[in-house]
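A short write-up of the structure that comes next.
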Amino acid sequence: MADFTRNEMMTIAAARALRNEDVCFVGIGAPSAACNLARLTHAPGITLIYESGTIATKPNVLPLSIGDGELCDTALTTVSVPEMFRYWLQGGRITVGFLGGAQIDRFANLNTTVVGDYHKPKVRLPGGGGAPEIATNCGETFIIMAMGKRAFMEKLPFITSMGHGVTGKEREQLVVRSKGPTKLITDLCIFEPDPQTNEMTIVSIHPGATREEIIENCGWSPRFAANVSETPAPTAQELEVLRDIQARTKAAHGA
Amino acid sequence: MADFTRNEMMTIAAARALRNEDVCFVGIGAPSAACNLARLTHAPGITLIYESGTIATKPNVLPLSIGDGELCDTALTTVSVPEMFRYWLQGGRITVGFLGGAQIDRFANLNTTVVGDYHKPKVRLPGGGGAPEIATNCGETFIIMAMGKRAFMEKLPFITSMGHGVTGKEREQLVVRSKGPTKLITDLCIFEPDPQTNEMTIVSIHPGATREEIIENCGWSPRFAANVSETPAPTAQELEVLRDIQARTKAAHGA
Amino acid sequence: MAKFLSLADAVAQMVHDGDTLAMEGFTHLIPFAAGHEIIRQKRRDLTLIRMTPDLIYDQMIGMGCAKKLVFSWGGNPGVGSTHRIRDAVENGWPCALAIEEHSHAAMANAYEAGAANLPFAMLRGYIGVDLPKVNDRIKSITCPYTGEKLATVPAIRPDVGIIHALRADREGNVLLEGITGCQKEVVLASKRTIVTVEEIVDNLGTTSPNSVVLPSWTIGAVVCVPGGAHPSYAHGYYKRDNSFYIAWDKLSRDRDGFLAWMDENVMKKGPDAFAVHAKGSAA
Amino acid sequence: MAKFLSLADAVAQMVHDGDTLAMEGFTHLIPFAAGHEIIRQKRRDLTLIRMTPDLIYDQMIGMGCAKKLVFSWGGNPGVGSTHRIRDAVENGWPCALAIEEHSHAAMANAYEAGAANLPFAMLRGYIGVDLPKVNDRIKSITCPYTGEKLATVPAIRPDVGIIHALRADREGNVLLEGITGCQKEVVLASKRTIVTVEEIVDNLGTTSPNSVVLPSWTIGAVVCVPGGAHPSYAHGYYKRDNSFYIAWDKLSRDRDGFLAWMDENVMKKGPDAFAVHAKGSAA
């Protein structure tokens, strides 16, 4: 087994969740790395869409922003931002929306708006961007986030984008037909919604991580599935491709 | 004075009404001839827009349809039809809409839909196309139509596009801010709305036409302005340019 | 991903009796070859949707494919009437034809709303006119901010959408260029789609990063039919056959003449008959 | 028709204290030079509208130009916080900043509605989230056909819209290419507009009949500012200066450092300072 960081394991586990036939709405950062890793390994036919309007893009280096020139230069076509949100996202063309977040709760609702009171913020976060509508208009969503007590919270101060709602049943009540968060991929494990309650439940633990560690880094008392498997370790090829694109990216962006 | 037909006089009088700075939404047929004649004579800077999406087009031959390739080939750019109707027409970007019609009444309402009952038509006409929204979303509209008792009607069987409404006051009542029909150019004379009543009123008679002829070819008893002028006859240059483009057009379309 | 099919197979698989069907192309890129195939396969009871149901729907309606027409301008552009549509509306020949009539602005917005997965479209339109009196699909809403009243029409979401495009690459991605009309909207608004193209190429040859391209996974079937838009035209391939549009006025004026022409030129022919009109063919 | 003006004149004539101002460019073609000119001319009490108020609004807000920000994502993309915006929101420095917050989808639709002269936009959005609880501009309507509830936002119709484009011809027609964002919509939705461009040319050199071109008569002023989008980029001219975005995190972190940088690089400079970033310049 090759050496790997927990962050690499997270990205690789996320990449594996994507299928060759997916049309994926990609957020910047970890989602972008995971989606491009999938494209460069097991899912060469995957379609990656960035909210800047770039459709079926194949960046050679990871973009720093959602609208780097690289995304347009390697895209099948580039449409306006209103068209992207109207015809492609709201139009129901996206199979998987890939989100990150600052804070998450047990039903995979996300906060990227504010810590503290909205009108008197302790920390003002960037806000929702595309997330509120990605969360309801994509066929399903995958979330990628490193665990930690300040990120995995019992109760969010603000819901920026809906997961399964505050009771786990809101999607049904609000007649949202998309599946919502079907996977939450962290640096320690993978959660999936419980079939009955929609509470995000640990189904797989990454090699080297423990139940105790997961519990310690979670602001609520997390549920484990009846059968928890071990996430297969990264393969040498997965690590090589990921490290290659990250090295190319670092060289390209400078610092 | 050169020889000219009444149809030529009508087209030339219509062309003269256009200004160099106009942005004109052009209908097919007589409007298209008039608009291009204006562009090729006194208004070289006029912007012609066809509902097919072609913006600032400069056709060398008159198109047979609203979407001939010639229009796109000579345009500044071509946008989609939804964009044309949303951003450009409804967006309020058009100064003059140029319409023809099958039937008209004294307030310049137009019928291009049906003769007889709508559900049991005597004659089914093509319908409104762009006209209903051209009539209210352009800064003002010019109408070009040859006179005749079956075309200039006391009461229309169907209002396809609004002129000044059935009482002449509907635009005000319906809070439509555009001016509506400010000129009706016929083969015999030019009408403009009366400043008080908005009834279309004869302000200019073409050379060779008479009041009697106008009255005879009008289904209502038409009003003449206090001062009726004579329309200046076509100049040799106007006739030459018009005949040239019509000859090029005929040669191009075959038959 | 789009399947590459023959025109006969594409129509057989995608177009069923009773479907709502939109075939678009605003003068440019009208899918005539596909229309002829639908006529040959004798589809019935279609609800035909098209802003300008010109010759293509004149032919399909004259051959008895349709029970209803949704449209905004029905004529032979620059020439006159579409006689077969008029005969169906006025005399019920060859069968009765219901109509749902709109303005261009309303239909363009309704396609746009369909592509955007909205249930309806709103517009500043239908003001002071009679169409809302005879079309109960035209309603209105009130702006929650200004109190203004706006007209509404239902979104168009056809069972089947058919367009003709310039070319496809070998993955089935499709390029449109020139007057693109409502074609992108029709493809994105429809449940099933057929795109006929002039040619299939290794590389689409897009010249702008913003070229109008429909990805393969938005399309049901791609069919190569060179010349398939004749007598309309294909930008950069061949010109509009305006003389045919003018000649159609006479060809379609009486029922027998129409039927004879259709028998000779449609029923006894296949998609290959369009190749003579394609770029590079002997005219 | 667009007037050709200097940047100083364009800003002096078009941008007034208290205006609502939209400066767009979705990562690409952000009008930094125009933002700097507004800072130099000390405009105050602006309501700044922008989907992603990244460095350009961080600078303008940090220099005290704005009283309100309308936005949907406020950060330094891929890097972290926009410290000056946070300082204004959290601590009221250098002055209090009200915010009106939306989602990207809502703002994109609101610009679209503005360009289309509609009073509001509707979307399938804001479902199950808290933003409508803190933003009373978000309302809803009911579909007159299906009974579905849809979210609404008011159309954006700014007093002034400013964008950066690739080039203009000598009549003032303007070409955009690549990631075009909401720029067309901003120009069509705004009462007054400034377009800065990389160059003015005899011929736009459009490569597609469907190239994104804004006609001269939709634009108030065209200003030639080569490099004027730096540190964002201009498709085909120069690349995004990602290292500057990364460096900005440090440069803007404390008030004194920020003010010193602005004094040195904005207050004491003019639009010509951007030329060093333009195509063909010595880097």
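In this document, chain identifiers A, B, C and D correspond to the written order of the chains, with residue numbering beginning at 1 in each.
In this section, a contact is a pair of C-beta atoms (placed from the backbone, for glycine too) under 8 Å apart; a residue touches a chain by one contact, two chains touch by 3 or more.
The structure presented is a predicted model; accordingly, all values stated were derived computationally and were not measured.
Chain centres here are means of the Cα atoms, and by that rule the chain farthest away from chain B is A. Distance between chain B and chain C, defined via averaged C-alpha coordinates, is recorded as 28 Å. Computed centre separation for the pair chain A/chain C is 40 angstrom, with centres defined by C-alpha atoms. Residue positions of chain D with contacts to 2 or more other chains are 117-118, 123-124, 178, 180, 184-185, 206, 209-212, 235. Along chain A, residues 72, 78, 86, 90 each make contact with two or more other chains.
Chain pairs that touch one another, listed by label: A-C, A-D, B-C, B-D, C-D.
Residue ranges on chain D touching chain A, taken from their complex, read 26-28, 51-52, 71-75, 77-79, 81, 85-86, 89-90, 101, 103-105, 108-109, 111-112, 123-131, 134, 178-182, 184-185, 212, 233, 235, 239-240, 242-243, 245-246. Across the complex, chain C meets chain A through its residues 1, 115-118, 173, 184-185, 188, 206, 209-213, 215, 217-218. Considering their complex, residues 28-29, 51-54, 63-69, 71-72, 78, 80-82, 84-86, 89-90, 109, 113, 118-119, 121, 123-133, 135-137, 158-162, 165, 170-171, 174, 176, 252-255 of chain A touch chain D.
Of all residues in chain B, those touching chain D in their complex are 21, 23, 47, 55-56, 72-73, 75-79, 86-87, 90-93.
Here chain C touches chain D in the complex through residues 117-120, 122-124, 139-141, 143-146, 148, 150, 152, 154, 177-178, 180, 206-212, 235, going by the rule given at the top.
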